[in-house]
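Chain naming follows the written order as A, B, C and D, and within any one chain the residues start at number 1.
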Amino acid sequence: MLVQFYNVSKIYPNGVKALDDISLKIDRGEFLFLMGPSGAGKSTLIKMLFREEKPTRGQIFIASRSVVRMKRSEIPSLRRSMGIVFQDFKLLESKTVSENVAFAMEVVGARNHEIKNRVPEVINMVGLKGKEDAFPGQLSGGEQQRVGIARAIANQPLILIADEPTGNLDIDTSNEIMDLLYSINRKGTTIIMATHAREIVKAAHKRVIMLEKGRIITDDSSGDYAL
Amino acid sequence: MLVQFYNVSKIYPNGVKALDDISLKIDRGEFLFLMGPSGAGKSTLIKMLFREEKPTRGQIFIASRSVVRMKRSEIPSLRRSMGIVFQDFKLLESKTVSENVAFAMEVVGARNHEIKNRVPEVINMVGLKGKEDAFPGQLSGGEQQRVGIARAIANQPLILIADEPTGNLDIDTSNEIMDLLYSINRKGTTIIMATHAREIVKAAHKRVIMLEKGRIITDDSSGDYAL
Amino acid sequence: MRMRNIIYFIKEAMKSLRRNTLLTFATISTASICILILGIAVLITMNASQFMNKLESDVEIIAYMEKDTSGTQIASIKDSIKNIAGVKEVKFVSCEEALENLQESLGKDKYDLKETLEKNPLPDSYQIKTVNPHDVPEIAKRIELLANVKAVTYGKGIVERLFEVTKWVRLVSIFLIGLLAFGAIFLIATTIRLAIYARRKEIYLMKLIGATDGFIRWPFFIEGIILGSFGAAISIVVLALGYQSLIVRMDSLFFLPLITGQDALLVLYISLLITGMFLGVLGTLISINRFLDV
Amino acid sequence: MRMRNIIYFIKEAMKSLRRNTLLTFATISTASICILILGIAVLITMNASQFMNKLESDVEIIAYMEKDTSGTQIASIKDSIKNIAGVKEVKFVSCEEALENLQESLGKDKYDLKETLEKNPLPDSYQIKTVNPHDVPEIAKRIELLANVKAVTYGKGIVERLFEVTKWVRLVSIFLIGLLAFGAIFLIATTIRLAIYARRKEIYLMKLIGATDGFIRWPFFIEGIILGSFGAAISIVVLALGYQSLIVRMDSLFFLPLITGQDALLVLYISLLITGMFLGVLGTLISINRFLDV
């Protein structure tokens, strides 16, 4: 088991109950969709994985390490084992596209020549060739989103966490991105993806977890998703 | 004619040609979808309407006033005649949901009692009852997006411009929002909406403009959109 | 501007001050430190200036009479001196008093000059003060021309040096006050600019949804006024308490009196308050425009 | 830390300085204004202190001999005085010289004292300087006890006042330097804090993608060093040029000499540079941690 949630609840300081007694196991190499209406708790669940938020109750293990009891100094190495696509992109405004991607590799201590080779490669994969030297403020919404994806896959992470990675993409670009994710998944990366895109989920035949009001209402491993 | 584009081109300072010789007429009361792949120029076209960006070449008229030759002091009144939903939401981080919506009304000089009545009303319309006092940082992605929508419709604008207003919403919430937009449209508001959501556009049977690489490739008034 | 708007803008300003605590704290403390330092500099200058005035007003002319001048002649010389424009005070010093003074300066009770000397070698004299100490050399020259005046002294050399020193002290302190004032303006403006910079996206957005420049500016102005005057108020309290305790402690320096006039101090404190308010607004004014052009 | 990392961090720092022009400009100018003002205050204090030392070292004791003391006795008194611990210099003034001096102070060529007086009423005397001027009253007392010394004077009253004044001037200037130094620290730290605040989202994001605190801190530290020392360098150039031109202009005040020793100035300038660098780092250190806790 790569990821384990035991009775996890999250109540934000303002009293909002975002997650309610979630238990969940995710295997190494799985591809998991998180679905559910706006405000169901998808992003909250995802933020628990890399400890942007701590659960109010319950335990979370990733590769058998407790994320909840983890020391402050251990957090960076946890996050470095993951690639994260944020719902709001979170790009470094003062760095170009290349620099944003390179930064994620510098953080993990990659070698200079690795960075030099890998950065153009992933930028190409997400279809942003030609935008290497643009700053995030000079990109369209979908282009920014794809920079976020490129950054997340650059380090070939053990786990890829993607929060609504196609929300700003047209269907063709979405499909290209999904193909990219499937191929990464096939190479062994575990992928957890929150999304509203029913077409994508329907076509994928992967495990789907439906959240509503902070609870898991269905966990369908077959992927025969229907609503 | 409410909106007229005459041979509008936009070349950004870094040399990117985002719009290429666009001519376009939009009638009062129309509902118009803007579609096209990521980076096609939809947001750029939209930004021209409220003069966040100025065209490099060409003329734009809104209600017979030239947006291009408009004096600096006339811009606020142009923008006040519009409601704008931004692709990246652009909420005021230091104001609550209610305050964000109220602010848009204060800007146009609405009376206090009008504001007091209207703000809860529109918050309710977008399904955010109970979130009035939350700050944007305490909301989910889709909730933030709906705050942006509530703010845009609060003043019952002449033109509603929405850039990807459902990108972070599940299908049910999207449909509710679309119903809201249709009813506003029926009351006379002209709506221009950039979107990637094919399901929505298919179901709507409204005029669709397809952009690609900054050019209009189809302008289908029948709405028999097919790709 | 309508009343309703003023209230609205004040409310907005207060809200934003409360919500941006770091920015509020940074601006207030910057303002209070700058104004405190400026206030201390002004106080020191005021005191130094008073001390220098005192030094300068101690400068006097001594006019020695001829040995055989008669009493009536001496009296008429007094009138002639008094008639010179710029003379403030004329005091007669008889030759006996002069000898007494000399005796004193040599060490009283150690030598009895009167005993040693058979007759008093010193002449009668007048001590003359002028309205403006800087006129001393000029007036001394005119007194010297009078009949029966044998000689005139006024500490030539020393007086010029004194004036040279006070001139330079004044110049340097004006320059310093100017520099500190400029520094205060600049530092406060910079802090405000950074605070506004941190909120530039907010301003950008407000413009995009149709706010006029004025609508955005007003709350910032009011914030500037509040921040500036609040910062100034803090520094004034610190300054007043500190100066009061200094006055008590430096009582021993009776010959170097500090300015204690409550009026002068009040004027200073009020000026500092106005300076704070003004700098708050000025800082906002020069900072906000560059973010309004959307 | 490996070499590769140092180079990387320096590159990152330079890039961010170039791209955040407003923040860079604000921090450099704040640092240079604060350090300039601090430097001016130190220079003034150094000069005032030198001037006060000079004033104090002018204080001397005059020991008057008995009228009928013989030449050998006078010579032996000199030795006795020299033997007192703390005495620096002993100078003989004969009664003729003393009369000459008195004549001078009354206005030379106006009265011929020698002509008026039948015999010189003044005694022989010694002028004594001490190593530490503050010992003057003590040493004066001991000299007074020597045989054949009739009386001792040292400007009693005036000297105590002088020491009181210099004590206060020193106290006040130390206090002011302290205040200005504190102000400089605070203002520079505040500016840096605001600059970092403006970039807090960037820091937050860096943490989210796995950067360690150190990895984020280092470029900021290097920025702090560069900003602080660059700001200090500007202020040192201004200070050096300004002071040089002041030295030239105040040449007329030969009796109030400015410190011109290149060594002392160099030490000052280097200290200011180090101060700037140090404040840049310190400001970063106390500011960045609160944004790292993600």
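Things to note:
Note that in this section a residue touches a chain if its C-beta (ideal position, glycine included) is under 8 Å from a C-beta of that chain, and two chains touch if they have at least 3 such contacts.
Just so we're clear, the structure is a prediction, and the values are computed from it rather than from any experiment.
Steps from chain A to chain C, minimised over paths through touching chains, total 2. Looking at chain B and chain C, not one chain touches each of them. At the far end from chain C, in terms of centres built from Cα atoms, lies A. With centres taken as mean Cα positions, chain D sits 62 Å from chain A.
For the pair chain A and chain B, the distance between mean C-alpha positions equals 29 Å. The centroid of the Cα atoms in chain B and the matching centroid in chain D are 67 Å apart.
Chain centres here are Cα means. That of chain C falls 23 Å from that of chain D. Taken as a contact graph, the chains are arranged in a single closed ring, with each chain touching exactly two others. Here the chains touching each other pair up as A-B, A-D, B-C, C-D.
The touching residues of chain A, when paired with chain D in their complex, are 50, 52, 76-80, 82, 84, 86, 90-94, 103-104, 106-108, 112, 151.
On chain C, the positions that touch chain D within their shared complex are 22-23, 26, 29-30, 33-34, 36-37, 40, 44, 64, 106-107, 110-111, 113, 116-119, 121-123, 150-151, 153, 161, 164-165, 168, 172, 176, 179-180, 183, 186-187, 190-191, 193-195, 197-198, 250, 252-253, 255-256.
The part of chain C that touches chain B in the complex is made up of residues 4, 8, 16, 19-20, 199, 201-202, 205-212, 215, 294. On the side of chain B, the complex with chain A involves touching residues 12, 14, 16, 35-39, 42-44, 87-88, 134, 138-143, 145-146, 163-164, 167-174, 196, 198-199, 227.
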